[in-house]
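Contents: one structure, followed by commentary.
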């Protein structure tokens, strides 16, 4: 291994090798590469924009410790999360020497060869921090120093990067009970960046969510409505949606183990909610309640115009020891088979034709692309398909998505791209991968005579920018 | 947008971009492009060939109103089916100005970019009707006029197009009780075109089929056997099969929600049938009866030599409002997960080794290609795999089929292509897409040294023509 | 057809057509083509190395009669297994003229166009036996004679081929009760070839295995422990594992219909085992017992260091007549849908973080690659993914594997390649296909700027050689 390997990003990276296809891909990409970034779904902490002097901390704070895409790979090869500085819930000791954490990361960076995380990091290091050598054991400390130096400078404050990245709008994801203080502070500060919340009520509508009772209490407090009944829950949620909307939200977001939907009677919902308050709700209660609440959320979306997003199919906290020790979102969420055709039918029967509703669907089960989601989105006026999600937010994931979705759903029943990330400085890299992947896909259509260049140019613009803006009503 | 964009079909369309692969693909395609069309499965109305002066009506009558591939896409973007002239069951008002329908269609034609429907329509307009400009809002009326003008001319009568398209044989799909009057008229007319019926008894063997009682009455009438028992049903079906065979049929066709098969005792079948006659059959009764009848159909196929086709996995009439308002086949049929390995076992245990049986399987669940269907077809002598079906009758669908089926099943356990269409003038385009896709796939094998050119030439012929003819005993 | 077609293998076969990608693929391939073959999982009969004068018999004995990959394809087109000399359990007559068998095979060799079996056979004929013409009806007898002539010569004895093939280590698969006499003879002979056993206890831990009672008796005899209780079973298995390990084994292998795992109480295991001894175990008993024993096998692996392999998802002996007539492994094993996320959870909860365990997973359900297996292997330290298995050990199967697994799991959570074959002379061809497919995949990454050439070179080495050696602790 050459320890001081020079590293550069190829300007035609990710395009197929055929010269004519590559030329068309490059042409399409050049037209969209500089478009502003529309980020309608993600997990960036709004705190970083509320405080104009917010600092990202060390390179490990920025790029390793909070990023479950990164540390799960090292964990899979036997590196304890503690050695990467991932905090423990019991405040037990974890590595605090961030240089040491970075060295461990660099020693294992070869694990990311051929992965989207590897691609994002490489592009981030190069384009955000100006690194010009390859990250490995030998270069680790030089690169650490260079990033650490950047992070001390004003032009690496979050607001400065937001502007440098040309972000037109950034949506965060926020609990129903969240007072949105950071969003309020951003608005109050007079800064022109558009950072909007997204209403995510999972923690109160999924009765089996960790800490459900506290979540309900927080909701009562935030809404000023004592949530002691199903009816009060609905009122509190409507109250919070109105507040989120007033704070700029255009969408809601919902996770569920399955996309099962189905309306319950008021008596049933009250009985289940009452059992939940007493800590007596069963798993069956929770599943049926979630299915009912998805219907209610669609009903509210029709009334208040918030776009509804649904992300089913992730088995959360699969590794109980990691969950117990490090908490939520630590990378042990594993996909499961997902069924949409029958599960969504009650919701679609009632609301699928309503022109006021936009329901954006995501999946971790790619078999549903061509079998269920594209046919559904190619029929129901209310449906749009979100971009390839999570593990599938990758070059191959995008290629499979384009190949399996578009022929049946058409491009115009999709919702463009979103980066779904908490890793703020990776946002440009993620959009760039999508824009390149879309340009390459479209070039493949042009070169095979399936669409002409004029259509491909419009499609490239829509995929990169127009569709997300339209689907999310931004 | 250039409103008068010239439109031409690229002669090397759908081939991969590599020059050597493209050259081989073109060579293979040139050898098969002019072969007659074998159309062993489809839904063209035989009426159009029974009357030598049959007219297609307006361009909207021909290309929009009856084609659920077309109108579902506009519906998915909020265009009511009424605005496209799709008739209502209650005879309520729908748009009757066919120019206006055509304009709406043209305004939304961009939705079909990158879809097979877009490809078929473009090729149909160009090659059947001689259109040379791109369909869009501006060109809509010029193109309407040009097609309308064509449709008045004798060379655009169905029989003339049948000959121009070089159709060697066209199979229609016909209910068990259908008297086949149009087929009789075609035969009586002395016209040389070969149009044969296909026996499709779903409406009487699926107890939960809409209008089942009337269907049974019609079957009684058609067969002259009063279908008041299971035994009488079997006799009536055997009677009708004999009649269909006499009228030229070589195949039967069966839809089912799942491919579950399993033999019931005579007592059970009589009991279920008796409950059905009284309107008391349960969903479970219907499912078990269908599974039994598939076994019976295989038994009859062994006896009378009709090739059996099975198309499971479509959840019919998913959108109840569209179904209630517009009826069957209006585009709200959505695929579901399908299981073949266990479901087909009873049938294969009994008949899978019988050299007299050919059972052609179709799927809407592509995950079954490599996992179940190819291994099954690569083992059981009675099985053949039909081409990619419905949503998967597309360039990517074909590529996935070739990639996922052939390595395990071999080409010779497939049944070639069929167009499965009710849109008669799209038939040449559909076969052309297949022939190009197959040529391109084979060129990929040649250029990578997997098969030699001599083998590829034979395979191209078989895929384009030989296999369908052989599998359907035509 | 040219009956004396010259046949040569293209030196750049299986590489994509783009000239630059092909050049890189060739470069990577050249670096790994000559590496020794590591064969950690397969079904070669150890007898052939125990006897230095072992002869393969006739070309049909070698290439057709024992190879269910071959004869199933001819069977699927109506050729009876008897006509191919496949022995009957009842010793009924089968074709005994091996020239006639070979002729039948050659007459149908076109069925293998585009299949991996066709590729392996072509390469085997060319590179092992020096055949230079294409196999077809006309060339059949010439080729038969040439192979038959080879097989009489000392350089075609198994040990000579083992050395010629540069096999570094070959693992066989052996029943728990197997006395490993051939392995003992190999060791005693002083021959330097490394042939090691693999511990496969399916026949005793799956209560519904054919001949279970006799298998238990054999286990009692082999272990010297009377297996009359669950506790005795565990002791006997531990005894045998120790013996296998002493004989060079580094791994165990486990088939199961599903990957369901779950620990039972000792009382339950004893009760189930006692029912099984009395012939009273239910299907439910067998399923739960297998799930429990998988946990036990993981526990033992942690203790003795044997790598654990799990191959679920094959419905064995699907065709009852073929099974009754010809026995196990005659090609009627058909894949089923498989679920890992929930099924493996009990095992992973208990052992998935243990650094002493390596559990290598295989699947016949490719939908699990991106949905379940890659996320699981990309998280749990104990997991590695085996190569594409059985029907998917093919060029397209490998391409799908690389595309669907690596982005999420990374290359370093995979276990490289194994050939899984009983067809000894096909081993070099199988590894060659993998090495070419991997080189082509990596060249695709390089040419698209996803990894650099330096990384690709290391990855090619690891895929071809390093990963298998490491995962199997060889």
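Letters A, B and C mark the chains as written, and numbering starts fresh at 1 in each.
Basically, a contact is a pair of C-beta atoms (placed from the backbone, for glycine too) under 8 Å apart; a residue touches a chain by one contact, two chains touch by 3 or more.
Owing to the predicted nature of the structure, the values given are computational and were not obtained by experimental measurement.
Overlaying chain A onto chain B using CA atoms gives a rotation of 120 degrees, to the nearest 5.
Annotation: the chain B:chain C pair of sequence copies touches via predominantly different residues, less than half of the used numbers being shared. If you average the CA atoms of chain B and of chain C, the two centres end up 40 Å from each other.
Across the assembly, chain B contributes 16, 18, 367 as residues in contact with two or more other chains. Interface of chain B with chain A (complex): residues 1-2, 5, 7, 9-10, 12-18, 72-73, 75-78, 110-116, 119, 134, 315, 318-321, 331-332, 334-337, 364-367, 391-392, 394-397, 400. Those residues of chain A whose C-beta lies close enough to touch chain B in the complex are 16, 18, 20-21, 339, 341-342, 345, 348-349, 352-353, 355, 367, 370-372, 374-381, 383, 403-404, 406-413, 444-445, 447-452, 454-455, 458-459.
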